[in-house]
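Quick notes on the structure that follows.
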Amino acid sequence: MDIFGVPIQALMGQVLIGLINGGFYAILSLGLALIFGLLNIINFAHGAVYTAGAFVAWLLLEHLGIGYWGALLFAPGIIALIGIFLEKTVVSQIYRQDHLYGLLLTYGMALIIEGGFRQVYGVSGIPYNLPAALSGGVNLGFMYLPIYRGWVVVVSILVCFSVWYVIERTKLGSTLRAATENPALTKSFGINVPRLITLIYGLGVGLAAFAGVLAAPIYQVNPLMGSNLIIVVFAVVVIGGMGSIMGAILSGFLLGIIEGLTKVFYPPASHLVIFIFMAAILLIRPAGLFGRKQ
Amino acid sequence: MNQANLSTPVANPRRGSLQRTLLTVALILLACLAPTVLYPTFLMKGLCFALFAMAFNLLIGYVGLLSFGHAAFFGAAAYIVGHALKVWGLPVELALVIATLSSAFLGTIVGWLAIRRQGIYFAMITLALSQVVYFVALQAPQTGGEDGLQAIPRGYLFGLFDLSDSMVLYYVVLAIFLACFFMMQRIVSSPFGEVLRAIRDNEPRAVSLGYQVDHYKLLAFTLSAGLSGLAGALKAIVFQIASLSDVHWHASGEVVLMTLLGGIGTAMGPVVGAFTYAALQNYLAPFGSWVFIIQGVVFVLCVLVFRDGIVGLLGRIRNRIGFN
Amino acid sequence: MNNISPTKTPVLKVENLEAWYGESHILHGMSFDVREGEVVTLLGRNGAGKTTTLRSIMGIVETRTGTIEINGKSALSVPAHKISPLGIAYCPEERGIYKSLTVRENLMLPPVIAPGGMSVDEIFDLFPNIAERLNSGGGNLSGGEQQMLAIARILRTGCRLLLLDEPTEGLAPVIVQAIGRVLKMLKARGYTILLVEQNFRFASTVADRHYVVEHGQVIDEIANSDIGRESARLHEYLGI
């Protein structure tokens, strides 16, 4: 069976890869949006944190014998703690400065993290084995689905939805939204906004690290795995706007799928399509798909 | 960026301007004599970086726009000059003009898209668009892929000066650099430069005063892109290579670092930052990935402790010891 | 200045308060106090520094010197989020209803600082409009509803000292009357209120004392009972 001359197997395979990448885009842009909302900083280190997530997973396995399931829990936890420490000691120093300094500071942090992994582990990838329970695949009739890939898609959607739920539907979420909208007034109610800021930075980088662990078995563990990703995620954020959590999630998945489809129909443009899409959005809706006019 | 205007007021303007002229003459003399002490190639690298940082500084220092995609203009011009010299066999001066204009044109397109958003969005958009140029350079058949364009012939300037002689090339690069430096000083002190600063300090106010802010931003962006292109083209001629590292976003980060390190929004900052960075890079070359780590540390330190860069630091020291 | 303060202990004491917005120096030695159970107003023209005084007390304006004591504890050098727990709650001039929160979320946002705050049911009795609109977005309320909500949400907290910044500004007369009833009820229940008001006639119906503010200083103090006698002086201050 063909669609536009493309076998449906190949098409669905690329859509699946698109959904996986879209899941990573969504988780990362979600974290960026959360952090930007409260800290007014674009966390350039987000890609490096994703890389660090994958490395920590591998290190846990290599040195402590902690496998995939443990890593899924501990790697984001460890990195969230490091993030909290860095927010308290370094990042919080520049909240009063222009936004651009936040970008430059976190860019510097990204260089340090990635350079460190490069120096120690080199640029060639380190394989990370699939957990036994998720290896293999099932034949769905119209396509062959590797179980791990299906798992990543499901987990990404679950994680994104959970974060959305916490932010939009819980008391903690309403406090976070309040602190994002009007931090000074929120403090005047006796709400500890500085602690929320720290918490959100921890949550944001924890999410990025979680994505890194999910990615480790698919793409090898590589010091540069996050650095190109972050640029794509920036484009996603420009397209989606950072005002809405759902916007960040939907744009992430949408662009992942668009990228996957481009790989089927016109492979040379697959790396470019998101950027071209971004340019088109800037022409048609300068504030972004979900953004309000600044 | 409010922190950008850091120039300390000069106590006595006449004495200040005389001092400045003498200092300028001394620096030019120094630059002319420098190749007797330092490698011309190193000096030329510094000058190309300085030109690049100066072009970048026009945007961040005088308009308050942080472009994180300037490698696109630097690198594209490097490829174009390489192609023009190597494949088309054009004369150097023509190749340089074509490369510079191409980058300026590219800058017009990128700028036209990016000025639709402000602040960090602007930075993210320029970064994303520069990635398009990177992927084109990676995939296009003319660019040599991973190898880049190698053995670019230097040729003869105006058919007279043999640029394969590094000393000759050095003086040509120096002359171009100085011309651009003084042109930049003219630009930032012109009425056009005044408007740019007004936009930087308070954009809504500039709009309400009736300025077509977007036109000014776009013109500044185009100028900056063109000069970045000239810097990239010169670098390609000096090193006879145009490669992916010239268009990679790390190079965009490097020019930010040079400008920040030297002092954003100052005349000499980008020059000081560029030479410091070139020296640092040479020194760190044998240490592998330490380059990135050190770069990162310098970024963090600059942002945290000296946002006004080396030039600002020197100014503060000068003020403290009361020497004016 | 004739001393007409009642003898009760001050729950809010401001002495020699100076405050800055960036480079501009707004308060030049504000001094006044508010005693338990009193309703005190700050009167003055636009730009006199009344709102800045409230914002300085709450730590929203951070650059400030002098003395601020709330229930006997200094509020000057504590982080902004630790000021409200001293027993004070603030209703800003712009009302500060969060657009990204529902009415219910806005109402429930401020944490309870002390026991004895109003229950949600009491609040609904007092402001029936709020009960009807619990699930709408904060941005969809009318000006009057926003004002009601802004007052309602701080009544839940148990704070007994309330700072209200122009609660009647821009509202229809019927709503102004309703707010007046609420303030009188609060006074009857023993709340202490510092009120910034442009609407002098409204202020005179609820207040015990008035401070006149000009150029970031208190220049006069008038008891509400003397208001008839002092009206000429007041008109001169306020330019009405």
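Order as written gives the chain letters A, B and C; numbering starts at 1 within each chain.
The definition used in the following text is that contacts are C-beta pairs under 8 Å (C-beta built on N, C-alpha and C of every residue); 3 or more make two chains touch, one makes a residue touch a chain.
The model shown is predicted, which means the values in this text are computed figures rather than measured ones.
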item: Subunit C reached from subunit B - shortest hop count over touching chains; value: 2
item: Chain pair with the greatest number of C-beta contact pairs; value: A-B
item: Centre-most chain [mean C-alpha coordinates]; value: A
item: Gap in Å, rounded to a whole number, between the CA centres of subunit C and subunit B; value: 54
item: Mean-CA-position distance for subunit C and subunit A (Å); value: 44
item: Distance between the centres, which are taken as Cα means, of subunit B and subunit A, whole angstrom; value: 32
item: Subunit C residues within the subunit A interface of the complex; value: 58-60, 79-85, 89-90, 92, 96, 98-102, 105, 108-111, 113, 154, 157
item: Interface residues, subunit A side, partner subunit C - complex; value: 171, 174-175, 177-178, 180-182, 184-194
item: Subunit B partner contacts - residues on subunit A that touch it in the complex; value: 36, 42, 90, 93-94, 97-105, 107-116, 118-119, 228, 231-232, 234-235, 237-238, 268, 271-272, 274-276, 278-279, 282-283, 286-287, 294
item: Residue ranges of subunit B touching subunit A (in the complex, touch as defined); value: 1-3, 60, 66, 68, 113-114, 116-121, 123-125, 127-129, 131-132, 135-136, 139, 249, 253, 256, 260, 288-293, 295-300, 302-304, 307
